[in-house]
Every structure is written in structure tokens, then in C-alpha cells.
Amino acid sequence: MTLDVGAIRSDFPILSRTVRDGKRLVYLDSGATSHKPRQVLDAERRFLETSNAAAHRGAHQLAEEATEAYEQARAAIAEFVGAAPGEIVFTKNATEAINLVAYSFLNATLKAARDAPLPPGADRFVLAEGDEILITEMEHHANLVPWQELCAKTGAVLKWIGLTDDGRLDLAALDVLLTDRTRLVSFVHQSNILGTINPVEVITQRAHAMGALVLLDACQSVPHMPVDVRALGVDFMAWSGHKMLGPTGIGCLWGRADLLADMPPFISGGSMIETVTMERSTFADPPQRFEAGVPMISQAVGLHAAADYLSDLGMDRVQEHEHALTGQALAGLESLAGVRIIGPRDNTDRGGAVSFVVDGIHPHDLGQVLDDDGVAVRVGHHCAWPTCRRYDVPATTRATFHVYNDKDDVDALVEGVLRAQRFFGVI
Amino acid sequence: MTLDVGAIRSDFPILSRTVRDGKRLVYLDSGATSHKPRQVLDAERRFLETSNAAAHRGAHQLAEEATEAYEQARAAIAEFVGAAPGEIVFTKNATEAINLVAYSFLNATLKAARDAPLPPGADRFVLAEGDEILITEMEHHANLVPWQELCAKTGAVLKWIGLTDDGRLDLAALDVLLTDRTRLVSFVHQSNILGTINPVEVITQRAHAMGALVLLDACQSVPHMPVDVRALGVDFMAWSGHKMLGPTGIGCLWGRADLLADMPPFISGGSMIETVTMERSTFADPPQRFEAGVPMISQAVGLHAAADYLSDLGMDRVQEHEHALTGQALAGLESLAGVRIIGPRDNTDRGGAVSFVVDGIHPHDLGQVLDDDGVAVRVGHHCAWPTCRRYDVPATTRATFHVYNDKDDVDALVEGVLRAQRFFGVI
Amino acid sequence: MDVESMYQEVILDHYRNPHGRGLRDPFDAEVFHVNPTCGDEITLRVTLGDGDVIEDVSYWNQGCSISQASASVLFDEVVGKTVPEALATLDAFVELMHTKGQAEPDEDILGDLVAFSGVAKYPARVKCALLSWMAMRDAVENAQKEEPGHE
Amino acid sequence: MDVESMYQEVILDHYRNPHGRGLRDPFDAEVFHVNPTCGDEITLRVTLGDGDVIEDVSYWNQGCSISQASASVLFDEVVGKTVPEALATLDAFVELMHTKGQAEPDEDILGDLVAFSGVAKYPARVKCALLSWMAMRDAVENAQKEEPGHE
């Protein structure tokens, strides 16, 4: 059974608008952010028009309803990735989720040094000078800069797994890179620039064998394929709502319950406390401990609807659909002279982020001509600048897909590239 | 000219629902979160149905439109508080905004200790053991716990201004409390529990005279009265969108441009960088430096509409309106036997947060009976637990107002309290 | 009105005249529990006797009528019972609280706790009703840990 | 199509055959500027002569046709001018870029820069066009600071 893209498209009001003087919108930038179906917009609006109130902060009927809607959203998101509700922390985006883990290490380290109160098992997060964090050369800045910052503040050392010429992790080096000083291995599930899907289980097993924790950046996997945290075996997972047909302003951190329990707070304030005096405070259990302040309530409701929408389609069918589009895009682009794929050319263990460069045309100029055709792609370094450097390109042009894309969209991309080549006189 | 509350109420769809078996909804919990007018819901939806894309991340038409909408929102919010657009940082809520400043101190301190790169003037944020942070005893946990945490990690010392019996800051002690070790004075503009409006200019001048920076928690002032950051003279100001008729999931930090420029990053990741290599990164100028990851785009658009809505009403008229309701509530409640106001009884330099206790009825029980009448108030410590302790009450019942409240709402409150007194047999 | 079905006379009686209130010595374990959203708090002590019998529960608490009354009923229901019996009552009470007022409460197990079935309709108040019971469970666990003979 | 009005022949010519490209010695100040969203970058040097005349601008850059062409035009437009004249051209260019293609550009001041008026319609590209110009301003300021004689 394949997706009924026509029916799906009619759920997305924005797809019926035109761009650049009446051109059909060919949106191939879902890797940056996805569009939201009517079902998500309606759920959020319905909530705001009937049950809006501050969740976890009142005893009146609206507050009860808001709290219930918020917690039902948490339960639905948990189920979507095979987790328990109490293991899901809502953040503003995936970036905050990754920073939350990085700051848990920082705060545990600083508090331990001053004998400040910490949860019983917080030593798992206490870093010593020379401890190591291992990432990869295909990380989004969101899974690179927070670790650079952590290292700059603690004396920990950042290491990374390099890449092969065909866009895969160079796992041959893993034995050397993973040491008994490695405290955390953090890596991307599906690269947002190369499209590579990394072998999570293999890396996780080896990391665990060395006593390291594992954080998975699932920004580009959760929206596009079935993901089950227990099956993957990782310790933490971060992703965003806005790439999975949900609202902006909400992201998720999943963490194993015992680990979350051992982490000191990150952002502190209201509703993450247990008791407060002017002299000192104690903290609530997870997930509340990590959700200071009035949370993203209506956004959680919207995200719940997005998860339902995707579940109704079936994540395996979503994956199949995007796999087919990816194959079509790879073949179509490679059929053009002067076009080079950056990332795996082979449509196995890869998802639908198709990056490429065209001889003689800078990605910005290519993107401009495509945009003129109504084809919206992303150009630049895609927040993975070191990955561009690794492949010796200043930037790439990237097409990404979602459930509302169809064959015509891919055809429009390939034709647009050809037109740009003619326009700039490079063929 | 007074507000046309009837017309205003028709803009808020939720107000026409009923609660608890058909009771008219009397929503007196805007201090926790406000409702959102149709104009806000429509603006956000219109954006999502026409221009949704990742702001600051693309060159195609939707990305251009999204970026423009997002930056127009920033400009509108800046204008709403008399600031320059580049001085407004969007956060997920006020709590994050305050934490951002606290973590600037922490990160500057840690980086300075390790000679890591910092902006030129970052020493303004470097703390030494024994440096002092001064707050007050009427702070919301959001403006208390982050400073406790900062002190626990740096060896700085937290001090606070006490309260007088009538719910005001005890400024007599200020001369002793402000020392040449005071690095920051952080206090609330209008207390969310007492209603007190603090003398910002007085405290700020004295703080500045001692070389301390000033952060104002404006969560309960920006939504309810005209606020101009230049006139107030403070250095930072934090507030939330969801209390000013805007969406949840968005808050604001205003900071003086020169200060923001000197602050190291807090949350790090994409789109807050200048250059990134695996070895090290440099950072963008403010406000981008503090907005890592895909931001709260549609929420910013909604907040823009909320600011416009309030501006159209006129913030001085909003203040006048709420002042009148506050007077009515104070008089009505005090006319009942056994009711005691916690906070200023006098309707000057106070806003519309009216907290009270009723002899013989625990606030929870009172709230329950009020809720049964359709009157939604907040009960508990209102995230200002030390303030409750100061007044020797375990909790209070609190009514708060907004533009959609009218005299009937206040009458319903007073009648509800009377009914509760009868129900529990305390009068 | 609905609120009347919540504030049963039994509850108000226990609230006005709580049973067993006050902290007593000696005790095997003491715990402090708090409801962070509203500030209700309880300090609770248990004394275990032979055969895992709960000899005494003493407590000092502060809070609304529901949390106060529930502690008073707790005293009546668990003192003299064995730990497993007390925990069975707790389980039944937790279940009652999570049915949103739909279930038919079993008076044999619940005793005066059946009066709390109206509370189940108000999720925000469920924590008030359970506060002392969670404290009791915690205290009993601690007491058993500290005295290996009881395990 | 609209994009054709953006990619004027003048721009494509400068792009294909950039004027003055390459880093030359000696120089008074060197700066490195980057467009963080796309990675376009430029290293730019200025040499000032007597009377605040810009004697040379040399540069090495990487980026799209717009940023490359604009650097080439910069070389043509500012070398030989005084600093105030160059900055006046910069101001006029910035203004042109912020009119979203509505304004009537002044060819006397702008020279080949008029060809960029189509770029103003695309806000995301404006930074590309201005990259080298902002670098030039920065470099000139540094050069003047370092050589007090020029102030």
C-alpha cells in the first residue's frame, strides 16, 4: 500500500498557494521545517478556543483540561517512539534538548566540585579534565557546538568519527576513538545534509561496552521512519516537533528514566521544584524537573495531532514513500552532466536528504533559479559546515521530502537543475 | 474612555464556553496565562497556511516570507516596550529569558577561568567567589531558583530585600544590602502574588550607583500597563508572550545592546554561529547569538498580533480598566468577614493580582467551591513560596484580571467567597 | 451542586476533628512529603510491630480539607493492619482516585475512604487525597529497610 | 522570468572574470568576513594612500555569483576614490539593496552597481551583494585606526 499523496496534499492548505507569479509550489525543504496539516492546526485552535489554561498550575476546570491535554500529548509522543510518558521532556526544539544533556554534564560537574546537593547517581554526569565526548563529522551544529562549549568549560576533550568518501561514518576508527575516557557518544541518526542513516545499534553497543552513554540526534529520523527507542538501545534521543508536521516551538528529549532521575536541573524556575525557600530549593522528579516555566501547551497539543496523523499514515509507509522519491531524485540528478551527489549515491541506509553540487553553478545561484520555478530547496551548509569542508564544497543544494511530495516534485527539481545549467551556460 | 469589554469579550472564543454544567466562565486566572483573541489565532493560522518555512534558513520565497514575518514580529515587540529590534531575544518563556542572563554569568565565569574566547566586555559577567546577586522576597521562583543555582555553581552569594507587612519592599535595608560586591539586582516589576508594583527607577538608580546591573521581571507588567525600557532605565527585562494575549511557547528577553554583545552564548547550535569547524566555533551577533535552533516562528507572529491588539486598545486604558477592577475586588473582598488581603490593601502602586486568605477555609477548598460556580481563580503558592512563608500563609487564593474581565466577574468572585464561607460553615 | 458530592460530611468531620494527628515517639521511620503545586505538606512517622503490623502512624500536616481528612482516615484504616493489608487499601484507594468517579467503590476494603470517590472527578485534587498515603508507603518501605527483621 | 532581471549580463561578466581578485602586498588592514547562513566568505585587504585615497583593494573570496560579482565591482568602484567617496557609494548601495527593487538607482554614484537592483527583490541575497562592501568598510576603519595619520 502506498500513500495517497493527492489526499494528503489536500490536508495541507499551504500547498495550494502559488509562488513567484503563479508557479505551483514544489516544497522540497521539509528537512528545514515541514508543513502542518489542517488536523494539526485544528487541534491547536480547538484547544485554544476551549481549554486554554496554564497546565499543572491550577485546580479550575480549564486548568484541569489543559493539564490533561498536555499530559495526553506527552503520552502520545512517548508511544510514537516506544517510550514511557515520564521519559519525555518537552523542550522548545531539538537544540534545547541536546543542550539540556550537555548542561546536565556541566551542572553536575560544577555542583560536585562544590559539594552542592545532587541526585544520587549524578556522578554519571560529572566530568573530569580529559574525559572525552565523541561525536561525528556529519553532525548538525546543534550536536556539535554544545559539546565544544561543554569542553571549553570543563576541560573535557571533543573527538569525532570521520567520514568516508561515499558519505558514511568511518567506523574503522571507532576502536581507537572510543576509550575508557569516553563519557558520551552523540551522533545523528539520519544526517540532515548527506542523508546517511547511521548504524545506531552497532555504535551504541560499542559505546556501552566502554561505559559511555549514547545520545541520538533523531531530528531527521523520527519524522520519516519508524523509530523505537528501546529497539535502538540508546540512552537519550532528541528531535523537533516542527519537522514532523507539528508546530514550531516544541521539541522533545527522551531519556532513560534512571538517567533523567540522576540529572540536575538545567533551566530552573516555576513548576520544576519540590520545595523552595530563599536559602535553597529541591527539585521535582522528571520530566517536570526539566520543564521550568509555563510550557508549550498548545504546541504539545498540536504535536499530538501530528503524531496521530503520521501514525494513521503508518511510519513504514512514510519511509517507503520517501525511499522511492529518494531513489528517483538520485537517479534523476545523476543523469545530468556535471551534477555530483554529496552523500551516499546508493539508496540503502539513507533517507531523503539529497545534497548535490553542480559544476560551475554556486548553490545560491542554483537555488535562485529553482525558486524562480517554484521549487523550494535549501542551499548553504545546512548547519553542518564541517561536513561541507570534509567534502571540499562551500555549500550544497539540498532537496528533502515529506509525505506530501510526489514524483512530479522530483521531476520539477531535475528539470529545474537542467534549466539552471542552461541559464548559466555550463552545459 | 474606558474599554468596551463587551466588544473585547466577543474577540475571545473561549469566553463563550460554559464550565461545570453550564456555568458562565468567570476567568480570573490571567496571571497564570491569558486567553488569546481571534486576531492572534487568525494571524498564526494565516501565517502557517501561507508562509510557513524555517526563518533565517533559506532563500526560497516561503523562507523569505517567514524570515520577514519573524523579524517584523521582533520589531513590533521591540516597539511595544520602547526598545530597538536587535535588543529583543525570543525565548520559550520568561523563565528561559531569566536563565539566559544567569547562564551568561556562569558561562563567562567558566570561560574566563580557562582563558576560552569571550566577547571583549564579558568581564561584566565574570563572577568572583563572594560576589553578590540581590533579589527580593517577593520573587516568582523563576527569578529566584536560577540565582540560587548560579550561586551554587560559582560561589556567588544570594541576598534579598525583605518585605513590609503591607506587601511592599522594605527599601530601608537597601543601603546595607547593596554593596560593592553586588553584581546584579534582579526583581519583579509587579508581583504576581501580592500585586505590588515596585519602584523600578529608585532601585535601578541605586543599583547602578553601586555598579550593579539590573534585570526586571516584567511578566506581570508588560501585559497590563505601558512599559518603556528606556524610561525605566534597567539593563535587562524578561516577560512571556502567553500572559499578554499571545501564544504559549514564546517569551522575550530585552537587553541593552552593548550588554547583549558582551554575553557569551547560552543555548548553542544552528543559526547562532558565525563560523564552525570541528575544532572551534565563533558566534553571531545578538539577537541571533541567543536563538539557537529553529525558533518559535508562528508563535512570534501570534505575539505580534497580540501586541497590536493591546496597542489598539491602548495600554494606559488597559491599566485604568484593571485598576478599577482591582479596586472593586479589594473593596468587595474586604467587606466580607474573615477575609484578609495578602499584599497591599491600598490600590496605589499595585496591579490586578489580588491574593487573599479566608479564615477557616483552605485556599484549595475555596478554589473548588469557586470553580463550582464557574469562577476560575488560582490557589496555592503561585510559584512564590517564600512570599507565602513571609506572610505566614501556606497558600493564597488569587484573582487576576485582563482586558476581558468586567464588574460582573468581580461580583461573581465576591459572591463565590461568601457562598464558600456558608458552605464550610465559617460564618 | 457537584462540589457537595465531593465534600461529604465524613470528609468534613475528619477535617474538623482529625484522628491520630500529632507526631509521636518512638517510631521506625519518618518521611516528609509535599505537594509542590499547592504547598500541602505532611511529616509522617510509622512504627511497625511483630508480623509486619503497623502499630502506629503519627503525622503533622498542613493543607486543604481533602488532604487533612485523608490523613485522618489513613490513621483509622491502617493502624493495626499488616503492611500488606495497608498497601492493599492504598492500591484500592489509588484505583478509586483514577476512575474519575466512575467506579463502584468497595467499602469492605476502603472503609471511610469511599467518601472520597467524589474527589476522583477533580484530577487536581487527587494528589491532595493521596499525599498522606504516598507518605505512608514511603515510610513503611524505609522502616522495613532499616529493620531487616521485617523483610 | 524574474530571475533573469536579477542575473544581469554585467553581473555574470564580473562573476566569470572578476576584477582585482587575489591578495596583494603591502596592505594597511586585512579583514575576514563571512555570511554565516550560506558560508560565503571573503578575505579583503585595503591600502590607503595620501589624502585618504584607497590605493588598492585586494581580496580572495568564495561564494555565489552575486557576492563574487559585487566584490569585482567594488574593486572597480572604490580603488582610486577617497574613503568618504567610497563610503558614499557604499551607502547608496545599501540603500538600493533595501528598496526591494522599487527605487530608481543613481548611476552616477553607483556605476555597475545599478545592475544589482534586481537583487534587492530577494532579501536572502542582499547579504551576498553586501558582503564585500561591509568587509571594505571594516578594513578601511581598521586601516585608519592603525595609521593615526589617516584620521
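We call the chains A, B, C and D, going by the order they appear; numbering starts again at 1 in every chain.
Just so we're on the same page, a contact is a pair of C-beta atoms (placed from the backbone, for glycine too) under 8 Å apart; a residue touches a chain by one contact, two chains touch by 3 or more.
Predicted, not measured: the structure shown is a model, and the values here were computed from it.
S.K.: If you take the mean of the Cα atoms for each chain, which one ends up farthest from subunit D?
M.R.: When every chain centre is compared against subunit D, the largest gap points to C.
S.K.: Count the C-beta pairs in contact for B-D and for B-C, then report the pair with the higher count.
M.R.: B-C
S.K.: Any idea how many Å lie between the Cα centroids of subunit B and subunit D?
M.R.: Measuring from centre to centre gives 44 Å for this pair.
S.K.: Find the geometric centre of each of subunit B and subunit C from their Cα atoms only, then give the gap between the two centres in Å, rounded to an integer.
M.R.: About 38 Å, centre to centre.
S.K.: Between subunit A and subunit B, what is the separation of their C-alpha centroids in Å?
M.R.: 30
S.K.: Using the average of all C-alpha atoms in each chain as its centre, how far is it in Å between subunit C and subunit D?
M.R.: Chain centroid spacing, subunit C to subunit D, equals 76 Å.
S.K.: Of all residues in subunit C, which are in touch with two or more distinct other chains?
M.R.: Residues 37-38, 122, 125.
S.K.: For subunit B, write out the residues touching at least two other chains, lowest number first.
M.R.: Subunit B, residues with two or more chain partners: 20, 57-59, 63, 271, 273, 275, 364, 368, 371, 379-380, 385.
S.K.: For a test of understanding, state which residues of subunit A touch subunit C in their complex under the given definition.
M.R.: Where subunit A meets subunit C, its residues are 56-59, 63-64, 67-68, 271, 273-275, 284.
S.K.: Across the complex, what residues on subunit A touch subunit D?
M.R.: 20-21, 362-365, 368-369, 371-372, 379-381, 385, 388, 394-395, 423-424
S.K.: Within the complex, which stretch of subunit D touches subunit B?
M.R.: Residues in contact with subunit B: 34, 36-38, 122-125.
S.K.: Could you please specify the touching residues of subunit D with respect to subunit A in the complex?
M.R.: It comes out as residues 1-4, 6-7, 12, 37-41, 62-68, 122, 125, 128.
S.K.: Considering only the defined contacts, which subunit B positions touch subunit A in the complex?
M.R.: Those in contact with subunit A are residues 13-14, 17, 19-20, 25, 27, 29, 32-33, 35-36, 41, 45, 48-54, 57-63, 91-96, 98-99, 107, 110-111, 114, 116, 137, 140-146, 148-149, 152-155, 158, 160, 240, 242, 247-251, 265, 267-273, 275-278, 280-281, 292-299, 364, 367-368, 370-371, 375-380, 383, 385-386, 389.
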